[in-house]
Amino acid sequence: MLTEIRKHCADLLTRKQVAAVYGLRERDGHTAPYLFTRAEDLDGLTVGTKVPVTFTLRPAKKNIISAFQEKCPGQKIAVLVRGCDERGLYEVAKRGQIQVADLAIIGYACDADQARACHCPRPHPQNLKFGEKVQGPSNEAFIAKIVNMSVAEREAFWRAQFSKCIKCYGCRNSCPVCICKECWMENDAFSPTGWLPPDFPMFHFVHFYHLSDSCIECGACVDACPMDIPLNLIRKVLSKKVQEELFYTAGQDPEEKPPLASREEAKERLEKGI
Amino acid sequence: MKTIKLKINGIETEAPDRTPLLQAAERMGIRIPTLCHHPLLEPYGVCRICTVEVRIRNRVRMVTACNYPVTNGIEVFTDSERVRRNRRMILEWMLARCGHVPVLNRLAEEYGVTEPRFGRGDDDCILCGLCVKVCSEVVGANVLGFFDRGPNRTVSTAYDRTSDRCITCGACAQVCPTGAIRIKDDQEGIYQAMPMGPLTSINIDFMQAVPRKAVIDRDSCIHFKTGKCQVCVDVCEAKAIDHKQEDRVEEVEVGTILLTTGFQLQDPRVLKEYGYGKYKNIMTSLDFEVLNNAGGPTAGKILTADGKVPKSIGIVHCVGSRDQKYHEYCSRVCCMYALKFAHLIKEKIHGCEVYNFYIDMRCFGKGYEEFYNRLLREGVNFVRGKVAEINDAALDPSEEGKLIMRAEDTMIGVVRRIPVDMVVLCLAMEAKPEAKHLSHLFSCSTGKDGFFTEKHPKLAPVSTPADGIFIAGACQGPKDIPDTVAQAGAAASAALSLIQRGEVETEAVTATIQEEMCSGCQICVGVCPYTAITYDKGKNKSSINDALCKGCGTCVAACPAGAAYQKHFRDQQIFAEIDGILAI
Amino acid sequence: MSSTPDNFEPRIVAFLCNWCSYTGADLAGISRMNYPANVRAIRLMCSGSVKPFFIMSALHKGADGVLIGGCHIGDCHYQTGNHLTKKRIPITRELLGALGIDPRRVRLEWISAAEGQEFAEVIHEFVKELKALGPNPLAGGDHAH
């Protein structure tokens, strides 16, 4: 698969169909996002490693795509995406951070092992070009753990979990769809600086609520958390509620407005008359 | 146009060249009999009753005045012996066909035809053709025509069938000099056949209308049906009629608005037990107002649907009001106008029995209780009880055709059965259905009952929560005219005091975006109901137009970064409030 | 939590929109309707300006219940402010529930300016429900600041 992808990208660059290819590069045993502008560099291109999503905006509030689009407006770049990468692109585009129209999205599928490791329900992009679609693991089974708890049990569970938090902000910084400049997690009136562990559940409430209609379930926050707090448990409960209540699945339809950013009712809701 | 000289009955006169002789004579006050002539129609010259004697350079001719064009130097005799002899002959022929038509007989008498030589026929139609011509020339419906020849000639519709081109304007019946054409009224009754709508196609809505101007009712105006007629245009001396006028939408900029959109009467049909629409002599209070009005269809006479003077009338109070099934509230005005009705009936119809069915008499105003006492003296019957049912189930022949009202008289504790000729239902005043829409348009609110809500019942009774928007009258709740006028006066002066000041103070609660915190996500743009927020692509920032922002704070709550804030409702203030109220 | 004192009086923070619910609450007062004194109102211009953080904060600071009152859908003084409320509150409640905070402590009610009676009824009901739930375990927070 990798050879074909490299060949395809080299083709795009030499035929000048795109100004650059954005993907992952492996060098000296490290994998990191890279903007390829010369076909000969493409030997370093890699895919599918367990590298958290490619397009995280933190900390400079910019990623390579938005920086590129700001400098060279209207120029096309090809982007190599997995399912989560593509969903992330759509969500940040809806929030004005990048222009999807100027991207040539080239998708590849993750394999079943990868999907299981990420708890990813949709381990393939819509613009699928390379690889075979596999079924992701079910969210229902995953969240059953807290769904089946009583309210009091959940409280006890999360009190214990969040008491481990060292406020490294890794969950936030690794999130590809978290775009704010000023962050409420740093708001003193809400969760004061210097308190450790943060008050239950204030600090985490911000993270959870703010991303409720943009979380693409990539799992980057959990991966980033040095204290192994299972943040994705709540993330997935909320994603489910957003789907059921607001008929919205983050990262799915690039044209659909995020429900919490729109005055309109979901058309499904109107159709059902609820 | 050239003017010529002529002599009529020996008198010199002038007339425009080639005007019809009939017109020239009429201008001199000389009457020439006519039958087939009508000022609105082209002359036809078919009945020949207008025959006169014309002398042109010593040549004498008998001509029809209605279509003979005058020329210079002619001499005319309109009533010479020869002319009279001619007319007698014509009348004899006509009587032979239509021996009993009044216009012909009046003329026959005038010309001394007593025993027509050819006998008297039984037809009504003198074949003047006015109907045919009015239908085609004026109305433009072309329904009528002549059929057959000679003695069999008739006027009719094609194939003698009911014509679907007939617009039932009645113009043919109107011009027919003999009454041979009658418009059959398929609908029974008087007030029901002539409902609240206009009585003619061009009319003044009602005597107190403001502005008091005539308007054309497009639905019944002939011109809008056939493209012809426009008789009114010729008749109007002020040249005020313009059929091409269209509705115009005009935009007016104002600083204050008074909402006085009033009420509607409840639909009587929902109260099945009262049989409105089923029995023709059951009417709403508003119908009765129309019937009783001097400008109404019966010129103010109180008549039943068959045009008879009623001998007994039942008036039902509180229909749909003070009723958990419909409106819990009291409509306030019904008791008093029901008393007014009773009084007017007593005044207009001597000996008419009036029954007022009431739950409680609510005579709350100045002089009202006194009016009630006066009615008691006038012999109006008051039955305290809610009418259960109205039907036409007669028990004996004397009750045939009457309406039977059943109600428990709670004063004496018996169920009464009262037959009457007419029933008036005093229906609830209710909020108009469009009030809801208006309340959105004007940012005020409606209450549970649908009427507009005032800002404060005691301290701001004509204001609404929206600055510069005032309410008065029945749109705020049921009330009578004195209360409406008082409220309207108050609302007008409240509006005037704003106008005098020249500005409206709005609460300074608009929202602002702190540029340095804004990430340009445009979430706020999507949630603002007033499109007050614009996104600047160059800067990648959103900003709020202060003049458009109404201060709802929706964007503030939506902004994940806390970049947007609302003046007087900043986060710190809310948190402090939460702290404050939880400290006690 | 298991030992709910008999005399437990829940404290309710009510975020009420200026145009409907606040006026409705006012009407309940003007009309001399009885309702428990457990509720404390914070007036906002529109229910659409209630940040979920305000709700979280009130609970964290010791409120036993939070009421969000807005105009009925279609009646919002700002046309669609409450459409956002209608979307945000269920998500907020779900999140609270998942975190182990009983979502019944947060109530969204549409109360028009004319519904003084309804306001009083809502408070009666809410107080009853909160009494059954007992004091809010978050009260006071972990840090007494």
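A, B and C are the chain letters, set down in written order, and residue numbers restart from 1 in every chain.
Throughout what follows, a residue touches a chain if its C-beta (ideal position, glycine included) is under 8 Å from a C-beta of that chain, and two chains touch if they have at least 3 such contacts.
Worth saying up front: this structure is predicted, and the values here are computed from it rather than measured.
Novice: Which pair wins on C-beta contacts, A-C or A-B?
Specialist: A-C
Novice: Looking at C-alpha means, what's the farthest chain from chain A?
Specialist: Result for the farthest chain: B.
Novice: Need the CA-centroid distance for the pair chain B / chain C, whole Å please.
Specialist: Between these chains, centre-to-centre, one finds 52 Å.
Novice: Measure off the straight-line distance from the CA centroid of chain A to the CA centroid of chain C, and report it in whole Å.
Specialist: 34
Novice: Taking each chain's centre as the mean of its CA atoms, how far is chain A from chain B in angstrom?
Specialist: Those two chain centres are 67 Å apart.
Novice: Using the touch definition from the top, which residues of chain B touch two or more other chains?
Specialist: Chain B, residues with two or more chain partners: 527, 529, 558, 571, 575.
Novice: Going by the touch rule set out above, which residues of chain A reach two or more other chains?
Specialist: 184, 260, 263
Novice: Listing for chain C: what residues touch at least two other chains?
Specialist: Chain C, residues with two or more chain partners: 53, 57, 80, 84, 88.
Novice: Along chain A, where are the residues that touch chain B in the complex?
Specialist: Contacts found on chain A: 61, 95-97, 179-184, 187, 189, 210, 257-258, 260-263.
Novice: What residues of chain B sit close enough to touch chain C in their complex?
Specialist: Against chain C, chain B makes touches at 439-440, 443, 445-449, 453, 457, 465-466, 509, 527, 529-530, 550-554, 556-558, 566, 569, 571, 574-575, 577-579, 581-582, 584.
Novice: Across the complex, what residues on chain B touch chain A?
Specialist: Within the complex, chain B touches chain A at residues 516-523, 526-529, 535, 540, 558, 560-563, 571-572, 575.
Novice: Would you mind writing out the residues of chain C in touch with chain A in their complex?
Specialist: For this pair, the touching residues of chain C are 1, 52-53, 56-57, 60, 80, 83-84, 87-88, 90-92, 94-95, 97-102, 137-138, 141-143, 145.
Novice: Which residues of chain A touch chain C in the complex?
Specialist: For this pair, the touching residues of chain A are 146, 149, 151-159, 184, 190, 192, 195, 197, 199-202, 204-206, 208-209, 212-213, 233-234, 237-238, 241-242, 245-246, 259-260, 263-265.
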